[in-house]
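Just passing along the structure, written as structure tokens.
First chain written, first letter: the chains are A, B, C and D, and each begins at residue 1.
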Amino acid sequence: MIDLNADLGEGLGPWRLGDDLALLSIVSSANVACGFHAGDPVIMRRTCAAAVERGVVIGAQVSYRDLSGFGRREMDVAPEELTAEVLYQIAALDGIARVEGDRVRYVKPHGALYNRIVRDPVQAEAVAAAVEAYDPALPVLTLPGSKLHEVTDLTIVNECFADRAYTPAGTLVSRREPGAVIEDVAQVADRALRMAVEGVVEATDGTRIRVDARSICVHGDTPGAVELAQAVRKALENAAVPLRSFA
Amino acid sequence: MIDLNADLGEGLGPWRLGDDLALLSIVSSANVACGFHAGDPVIMRRTCAAAVERGVVIGAQVSYRDLSGFGRREMDVAPEELTAEVLYQIAALDGIARVEGDRVRYVKPHGALYNRIVRDPVQAEAVAAAVEAYDPALPVLTLPGSKLHEVTDLTIVNECFADRAYTPAGTLVSRREPGAVIEDVAQVADRALRMAVEGVVEATDGTRIRVDARSICVHGDTPGAVELAQAVRKALENAAVPLRSFA
Amino acid sequence: MIDLNADLGEGLGPWRLGDDLALLSIVSSANVACGFHAGDPVIMRRTCAAAVERGVVIGAQVSYRDLSGFGRREMDVAPEELTAEVLYQIAALDGIARVEGDRVRYVKPHGALYNRIVRDPVQAEAVAAAVEAYDPALPVLTLPGSKLHEVTDLTIVNECFADRAYTPAGTLVSRREPGAVIEDVAQVADRALRMAVEGVVEATDGTRIRVDARSICVHGDTPGAVELAQAVRKALENAAVPLRSFA
Amino acid sequence: MIDLNADLGEGLGPWRLGDDLALLSIVSSANVACGFHAGDPVIMRRTCAAAVERGVVIGAQVSYRDLSGFGRREMDVAPEELTAEVLYQIAALDGIARVEGDRVRYVKPHGALYNRIVRDPVQAEAVAAAVEAYDPALPVLTLPGSKLHEVTDLTIVNECFADRAYTPAGTLVSRREPGAVIEDVAQVADRALRMAVEGVVEATDGTRIRVDARSICVHGDTPGAVELAQAVRKALENAAVPLRSFA
């Protein structure tokens, strides 16, 4: 059993990023932007409605408050502020999701915040505090090895990336390195399948490493991304791997 | 029995407007800003905590999305957008209020939106649609004669103003007219008392008119406003009029 | 002699609208967004650099302050505020344009502000006051019949639309009416040519009406828009009509 | 000869910080907020007009784009972005200042950006690049020892603080330490005088250290701050020290 998650609803006003409806037909979990790095109330509502219609589970994709930087710039936000900002975002999306017939079932930090809390226990704890306060039953999606695992009793769920190269140590090869992103569709689909079935991935030096992940993240905002995601889903279906959200 | 309501939490980052803690010791209902004209997640959380501590009922003070204009500029927002924006604000504040031990118990539109829906049935219906979708049990605070009364089955609660002059027709004298705002403390307290006990106010021509209101709005962001509000509360207490929220 | 103008630089952060570089190879005047409805400093700088490189004249596309609504929602902004906001936008873009080797040579209001000042002399005057204060030599691009013509001594330049149907009175057919937008490429190119050469357009009832316009507005953010603009330019070139900005 | 500088125009919409008019009667240089951490076009225009009226020199107080955090949160902004954002702010304020009869004569980074470029040469260079591009004659106000001194040929001007304790090494005692801020008015005025006349200050251990500064920064947004600034000015006047901006 595996989950596929993708970032969704990352538009603003007239702007769009990626093909939301195509992705909603592929994934089992939708990380819906909550208005701090992308997303506005109309887009949030439409995205939730479309997710509910397709039985896709809704998660709150929470971010630093940085619309003009798309949440990609690390910020030194004080813990009280960060907790309140995450809480605000979860609550806003949850209310909208409930109106559309479901609710927020997990939390996934976005962009610079996602990366920051992998290594910063203070911000990790601030994010966790918001989830604990809102609903301690909500799992949080992150990387294996994230500081989140150490600072909270929340359910922390790991994800992996079928289109990213892994080091022998099990971490992602930096995007600045050549070969960091795998573009061959068949190869990506094959890697996803092994991640789901065997729980392993082949590192850059050929060694097989364990991937401790319950969800595979697919992207939708790059050319060919939807085709890639479809190939991953197809490979899982062909192998009769059940696609099911963790949340 | 009467309610006193005031706008609260109308700061942003380092900025503040009015003396929130003083007002929270006077009113029975707090119209808490939700981040669209004022208020940020930290301020919202602190304001909710302080309101819960004092037993003051929390309402969502929803607005056009216009931080730089403080929600005071009328905007031609399309109904779908306005509904989604109001829904987002109610949900965000409700989630924060629940974390602090209570919840949003009513809705009060702010500034230009407040005035617009008094006469515009389309925007009134868009606001009502958000409340209906979120929780049809939530009352909405507005002026007598507002279009809201015509477009929805929600509970619509009227408010009045002890420091504003009334025309013989029962409407507020425009702020552009001399004498629109009554500044004498004793007079304001006396008017509030008659509004609460007899349900009447003396119009500019001396005629007594009925004031169909369950709540009196007090302000906190002008010099002397807190003293005025205290005088109103004192007059009600001295007359043994129970102070109780409508929500 | 005619000018072709288009809206450019209407992205924000990771978001884009239209194909700016394609349009910059077609038009003679670039209405560059200034950050209030779209555009951020990086996009503004890149757009100015690309315009200068191609010899395209830069204009300030000023707007209400409404990023989330893309400046499409009419706002009741007080004159002092509107003047200061327009001034701020012109100055910001002008500074960036100067760094890239040219400067702002005209002003074109965007979206709801564009439409509002056609009929509202108060906001028209507030916009004009900003241009007058900044540089009274800057022309303003608008519709024939706009209130701008009445409220200022600035040079007011009219534009027309080759892909829009005209009423016998010379106004645009509302977009809500069928046939308001002409999609046939050959027809649009032909209309543009007659507008440029003869100064006329055929209204919906077949009568020829005068089009008092020095510039034709082309769009870039709809499917097929760039092809349409290219066809217009080609038709003008084939007829040896000089393409030259008014500014 | 010495300069007194203060942060001004740090309001937004209905919000204010500090007493701008009082400060403008005290200082010789006004660091005017440009809309990214505070300030809106109306406030910027009014502040420039009041500065020009009093002969106070106008500087651009540029910041990270972070209204809700008042520019106090460090951000990992990429150099191209930071340069464009600083350029945008300088240009916007300069245009407004010119309309009011003067122009921007220097640049002072605000808050987290101010502190970041003291130690980060990449962001320091990005800020300097904006000033160089806009007008290489503009000086930049910063701390002695800032990385700005190393990365640019711009004129870099140092400032000091009469109300802050200094370490024997000549750096500011951290605000987290007791005694970091000196509140005694007479003592602050005396320190300012010695800074201006002798170019020295007494460090926490009693040693006299050189203060290499052409400007003294005074604050206006804390209780008693205006009185403190007035005392500093008075002490300088009594000692016949000419008050003159560096720009």
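The criterion applied here is as follows: a contact is a pair of C-beta atoms (placed from the backbone, for glycine too) under 8 Å apart; a residue touches a chain by one contact, two chains touch by 3 or more.
On a predicted model such as this, the values are computed, not experimentally measured, just so you know.
**Student:** How big is the rotation relating chain B to chain D when the fit is done on Cα atoms? Please round to the nearest 5 degrees.
**Tutor:** 180
**Student:** Per the centroid of Cα atoms for each chain, what is the distance between chain A and chain C, given in Å?
**Tutor:** 40
**Student:** Would you kindly tell me how far, in whole Å, the mean C-alpha position of chain D lies from that of chain A?
**Tutor:** 42
**Student:** I need the residues of chain C touching at least two other chains; which ones are they?
**Tutor:** Within chain C, residues 40, 68-69, 81 contact more than one other chain.
**Student:** Which of line, ring, star, complete and other names the graph you get from chains that touch?
**Tutor:** Per interface graph, the chains form a complete graph.
**Student:** Using the touch rule from the top, collect the residues of chain A that touch chain C in their complex.
**Tutor:** For this pair, the touching residues of chain A are 11-17, 40, 67-70.
**Student:** Of all residues in chain D, which touch chain C in the complex?
**Tutor:** 35, 40-42, 44-45, 80-81, 84-85, 87-96, 98-99, 133-134
**Student:** What does chain A use to touch chain D in their complex?
**Tutor:** 65-66, 68-69, 73-78, 81, 112
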